[in-house]
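Input: structures, listed below.
Each of the next two complexes has subunit A plus one more chain, namely subunit B in the first and subunit C in the second.
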Partner chain A sequence: MKNRITYKKSAGNLLDTGITYIILLVVAFIFFFPCLWLILASLSKSGSMYSFDGFFPQSYSLDTFKKLFQDTTMYNYPKWFLNTLFVATGSCILGTFLTILTAYTMSRFQFKARKPMMKATMVLGMFPSFMGMTAVYLLMTQFGLINHLWGLILIYAAGAPMGYLTQKGFFDTIPKAIDEAAKIDGATNFQIFTKINLPLAKPMIVYTALTSFTWPWSDFILPKLLLKEKNLYTVAVGLMSLDETEFARFAAGSVFIALPIVILYFCLVKNMVDSVSAGAVKG
Partner chain B sequence: MKSNREKIREFLGNASAPVKLSFLIMGSGHFRYGARGKGLIYLLIEISMIVYLIRRGISDIIGFFTLGTVHADAWAGVEGDNSVVMMLMGIFAWIVVFAFVFLYQQNVRSAYDLQKRVEQGLPVPTLKDDLASLLDRKFYMLVLALPVIGVCIFNVLPIIFMILIAFTNYGGTIVPPELVDWVGFDNFKKLVVLTKFAPTFGKILSWNLLWAVLSTTLNYFAGIGLALLLNKECVRGKAFWRAFPVLAYAIPGFITLLAFKFMFSYGGPINQMIISHGGTAIGFLDLDAKWSARIIGLLVNCWISVPSIMLLATGHLSNRDKSLYEAARIDGAGKFAQFWKLTMPFMIFATTPVLLGQFIGNFNNFGIFYFLRGGLYMDGYFLASDTDLLINWLYNLSIDNNYYCIGAAISLIIFLITSAISLVVYVKSPSYREEDTFQ
Partner chain C sequence: MRKKLVAACLLACMVFTTTACGSGSDSKAASKSGSDGTGSALFTGELEENVTIQVLENDTAISEGYFQELIDAFNEEYKDKGIQAVDANMDQYLDLANDGPYGYGPDVLYQANDVIMKYAEGKHILPLPVEDLDCYDQIPESAWQAYQTEVDGKTYTCGVPVNVQAPMLYYRKDLLPDDWESTWDKDSDGVPDMTENWSSMYEYSVARHSEDSSKYGYMKSLNDMYFASGFLFSYGGYIFGDNNTDASDIGFAAGEAEKGANVLSQLASAMNEDCIDDTITTNAYSKLADGTYFATISTPDVYSTFLAELEKEYVSEGLSEDDAAAKAKENLVMTSLPQLPESGDLTDGSTEMIDSKSMGGVNGYAISSYTKAPNACLEFVKFATSYEMTKLRAETLGVAPAREDAAEEVGGVSKEIYQNLDNGNIILMPSITEVSQIWTPGQTFFIDLAKDVYRPESEKKYTSLESMKAGLEDMCNQINEAITTLQ
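Moving on, here comes the complex of A and B:
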């Protein structure tokens, strides 16, 4: 009798595992196929989509990539790339800093303005994102920040704390008992934050950094509005200005700007999924 | 509890002359009771406020009400007033005034506190003590100052500006150098009365709501499902399987959207395959392709947003309290019971803000149909198409066609709808009501 049950159970497990893997394969295919399509298109020899055989080009070469970096008279891709890198890095550092601080404060401190502030950010977040674009444009002209990459960084970083709720949710799930223990040991709030919660929040910091990096990296509305010189374009605006006949160049440019984020993620992936509070509180 | 009037009477009776002088010269109370550093700061604040008011503050506030009186005249060489800039600087001036009033109150209050401390023989906190308390008791103040200022300038100010624009006649032919005027609720009346706007608004709104609900549900459950699937014990090589959604996540949205547009276009690979199998090309995203375009939009949006939800859910899953599961196992709870009684409540608790953010994000998802279909204008719609969301319509109206005031009025209406829905959801959600449930 007992044997039978374990037999049944293991058969069920096998079926379960099998179905899991089939779903995983399908998911992997769905996510990978369009990427593969784009990568192969960037390696096509002819450059036009019309000479493709179904999804894939007929012959391959690296010419498009060479053209992308050498033929800069019309489309200065290397310059766009550096601009994007500068803006994204700047707003990532500033934005992550501000967001984590805001989220932590909102999660751990009880003060009079807290609930009103939470409600206010909720309400502000509900306005359509580029409702204020006209006003932002006017503001930037007043500050003399049109056609400056710094202006973009400022706007992205200043807007970043508005999305603190996700991070607050994370801090909420870190047990408060740790804080209290530290407080009994005589730590100040500043020390509790830097020595205890910050290390524990590593996965969230990585997540925040990633999102505040990818947002400027792929945004097109704001750069389009604020950067009027072709040399100051970010990649998003630049790629949008490409002609439809330049599909291979578009694909090559896209593959190239997706690369840094992919590398970044694979370097940081461990931080994101490591278990956090396991073992931090005993009992 | 004392009433305010009693408090004021008590204050007037007890406060010493230097504290009362703080009403006129900020910081004088602090000087009297030995808090020099703080007194100096308050004095400097007052002086800079006066300088600001004289140099531009007062004229900015007057400009806010008049929105300009001098017409530009190129022949006479008169430069004229720029109403829009005047309004913006006027709002800025109001913010400065309110900030000053707050500091002014603080000045009197803390001077009175000081007096009381001295009378009771308590030590007077020096500037150094105050700075030290910023690192401990008032740590939140120090930390929140910078984000709050940033958000005020780059989020609140523009939004207030656009709200006010909804009550002016800015737009169309009335843009600087023409003078803009306050018109009250005329724009909203126009939206209700004019048949030009009303039918389009109704059609777009109903599709927009449907879209937000469908895409949020789809993305949320697909994302959490994927995270749970990858978190299963039987899955080996988690990093490898996770790499595929991450790859999708890493590709900027506009590239994905443009690529999918190419994929479904007439000359794209899907139509090429249909043709080579003897079919005729299908215009998936064409003018008359209402539902196929909508469904493609839903699926493409899923492709874009599921990885981020999955990553987030993975982070939360790793943050679960493992001891709870152990306890459950000891109590004899099976896998399903653990899932329904522990995992799901925790996930819903932790991700309610995300869910709501997703809903608002999808409700205002500008990129998806902007890139997939471009700015098509259709019959039966005023400057919009049947896949356009309200945000796309807003863009068409205010950025492509200069209908600024109408656009602002519509965005106010959008705001009212979304905020009403989500405030109810949020206030009722467990992560807001019982923040401490999982702590």
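Moving on, here comes the complex of A and C:
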């Protein structure tokens, strides 16, 4: 009898696990298939999607990738790539710095305008960012920042602290008793921030940096609005400007632009998991 | 005291306002007096020194190296005067209306006439003293008209025509049947019948597809109003009345335009459902190269793209790059559109043929109103539209020059296009803003017409010439409503 129950239980477990795996595999396939198709299309020898044998290319070669980096007369992909890297890195550094400062201030300091500011940022955050594009364009023309990559960095970095709530939530989980103990020992506010809270917030800094990097990396609207010269394009704008016959170049460019993000993700994923689990334990 | 202060302020405001208005009208009067012709008064003839002018060219001219040759030659010629031309390095589909006023647009731009005239309407383009240009007498009146606008009874020309864009037939000589000279050349003129008249093209398309279901004859997306409307024009249709200037008279259904719709419908029946949308337009380069399609129509500026695809195909078949290039050049033929049967029926075997008309455009140079160096820009336009540069452009890019002397010299297709323009077979896109309202209703009709071919017999809408006429009239009404609503 006992054996039968155990057998039934293990059969049930097996079925449960099997179904879960099947569902996960199907979902993974659905999400992975377009990526796989794009990767294979970028390796297509003919360079035209109309010559595919059904869904996939008939023959493969690395020629499109060579062309992407060597044939720069009309489409200077390496330059676009460097521009994107510059904008994303600049926005990442400046945006992370401003976001962490904002979150820390809102979490640790009590001042009169704190609540109204929090409410105001929350309400403003509900409006889609492209709503103010015309105003941004006019402002940037007045500052002479059209056709300047710095203009983009400034906008991304200035907008980043608007999403400080996640970081504030993290700082809230760090006990204030640690700050008070440090204060009794004679530490200044700056020392408490740099020596105590910042090292504890490392996972959150990594998370903030990663999100601050990925947004400018893939954004299209703002660079399209502010960058008029082809040599200043970011990859997203550049790829959209490709001629209709340049599908293979488009696919190769799209695949290559994903690489840094994927690498960055794998390097930093441990810190991100730490950030989530640390928050969970403390919460 | 306060009242006196307010009164003084108001008085000061009034004086300043009056002064400002006064000086403005004076300067306007001065400007007008500075110009004898129809060009802007900014064209004084005194060249600005040490200036760099930004020139926006089209992508093909840049990729084929013509533009570099042009600016190198210009910079060499004008180096003593300190004028330098550079690539504006912008997207060829720019937004001069938004970027120009802030100083981010090009000084000189090369665009199609409808684009330039849209900018001219918004005063973003300077009227040019075209009578002073050496190309003035060489360019046909119809091409100049494409750049003309009338303000207060005076005609201004806002661009200089450089090359004519009109649909051309592209086909592969090596895909002709081996025995074409005996079976497809009834008039024994050494030119295949299917490239001379649409009836034979239709017949050949049906034959090619029945022989091998993966192969087609003539293929072209029908949803493209630019290419499809020519069939209507050939039978009496037109865009707007009064030489394309009266938008209240929309003529796509005029004359026997329904015969053109019938021809399109018959041609669509020898294609596949891809003709309903953009698919054929985008895949024609590779499908003509791999032999799936025998022929298509497109504009002359994409000749190099067709050629490059064909070269690639020959290389993949094992030829060396030089051999592939030579073979592609020999086999890819770009020629004038075939003639149409007067009856409007491709299957009735009639031999009475009429010339095909087509919608066309004239690409040319214009000068931005926001340039700081209008005279230097005008020098550049003069230089770029000179006989030598126009000829070089046509030879390098395979485009048809708007200059008669250059078209004569280059010969071949360039001459044919020039002649078609000159004898009225190319109907240039109107230069009035209302033209922007023709595309969507037109596209809707042509998509419906193409879809109809693939509908079950009981659901077909366009079964007779009358129903086609009704469809065209409906399209004209939609265009009229769009124009009226947006006025």
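General remarks:
One rule holds in what follows: the second predicted complex is superposed on the first by the 239 of 283 C-alpha atoms of A that agree within 3 Å, B and C clash if a C-alpha of one lies under 4 Å from a C-alpha of the other, contacts with A are read in each partner's own complex, and residues count from 1 in each chain.
Everything that follows uses one rule, which is that a residue touches a chain if its C-beta (ideal position, glycine included) is under 8 Å from a C-beta of that chain, and two chains touch if they have at least 3 such contacts.
Quantities reported herein were computed from a predicted structural model and do not represent experimental measurements.
By the touch criterion defined above, A:G125 lies against subunit B but remains apart from subunit C after alignment on the C-alpha atoms of chain A. Residue by residue along subunit A, subunit B and subunit C are tallied for touches, and B comes out ahead. Using the contact criterion defined above for the overlaid structures, shared-chain residue A:K228 touches subunit C, although it does not reach subunit B.
In the superposition on chain A, the residues of subunit A touched by subunit B in one structure and by subunit C in the other are 50.
Listing the residues of subunit A that touch subunit B in their complex gives 13, 16-17, 20-21, 23-24, 27-28, 30-32, 34-35, 37-38, 49-50, 52, 54-55, 98-99, 101-102, 104-105, 109, 111, 117, 121-136, 138-139, 142, 154-155, 157-159, 161-163, 165-166, 168-170, 172-176, 188-190, 193, 203-204, 207, 211, 214, 217-218, 220-221, 236, 239-240, 247, 250-251, 254, 257-258, 261-262, 265-266, 269, 272-278. Those residues of subunit C that touch subunit A in the complex are listed here as 59, 62-63, 89-91, 94, 99, 102, 104, 282-283, 285-287, 290, 305, 309, 312, 316.
By the touch rule above, subunit B contacts subunit A in their complex via residues 84-85, 88-89, 135-137, 139-140, 143-144, 146-147, 150-151, 153-159, 161-162, 165, 226, 229-230, 232, 234-235, 238-239, 241-256, 258-260, 262-263, 267-269, 272-273, 276, 303, 307-308, 311-312, 314-316, 318-319, 321-322, 350-354, 357, 360, 364, 366, 390-391, 394-395, 398-399, 404, 408, 411, 414-415, 418-419, 422-423, 426, 431, 435-436, 438-439.
By the touch rule above, subunit A contacts subunit C in their complex via residues 45-48, 50-51, 73-74, 141, 146-147, 228-231, 241, 243-245.
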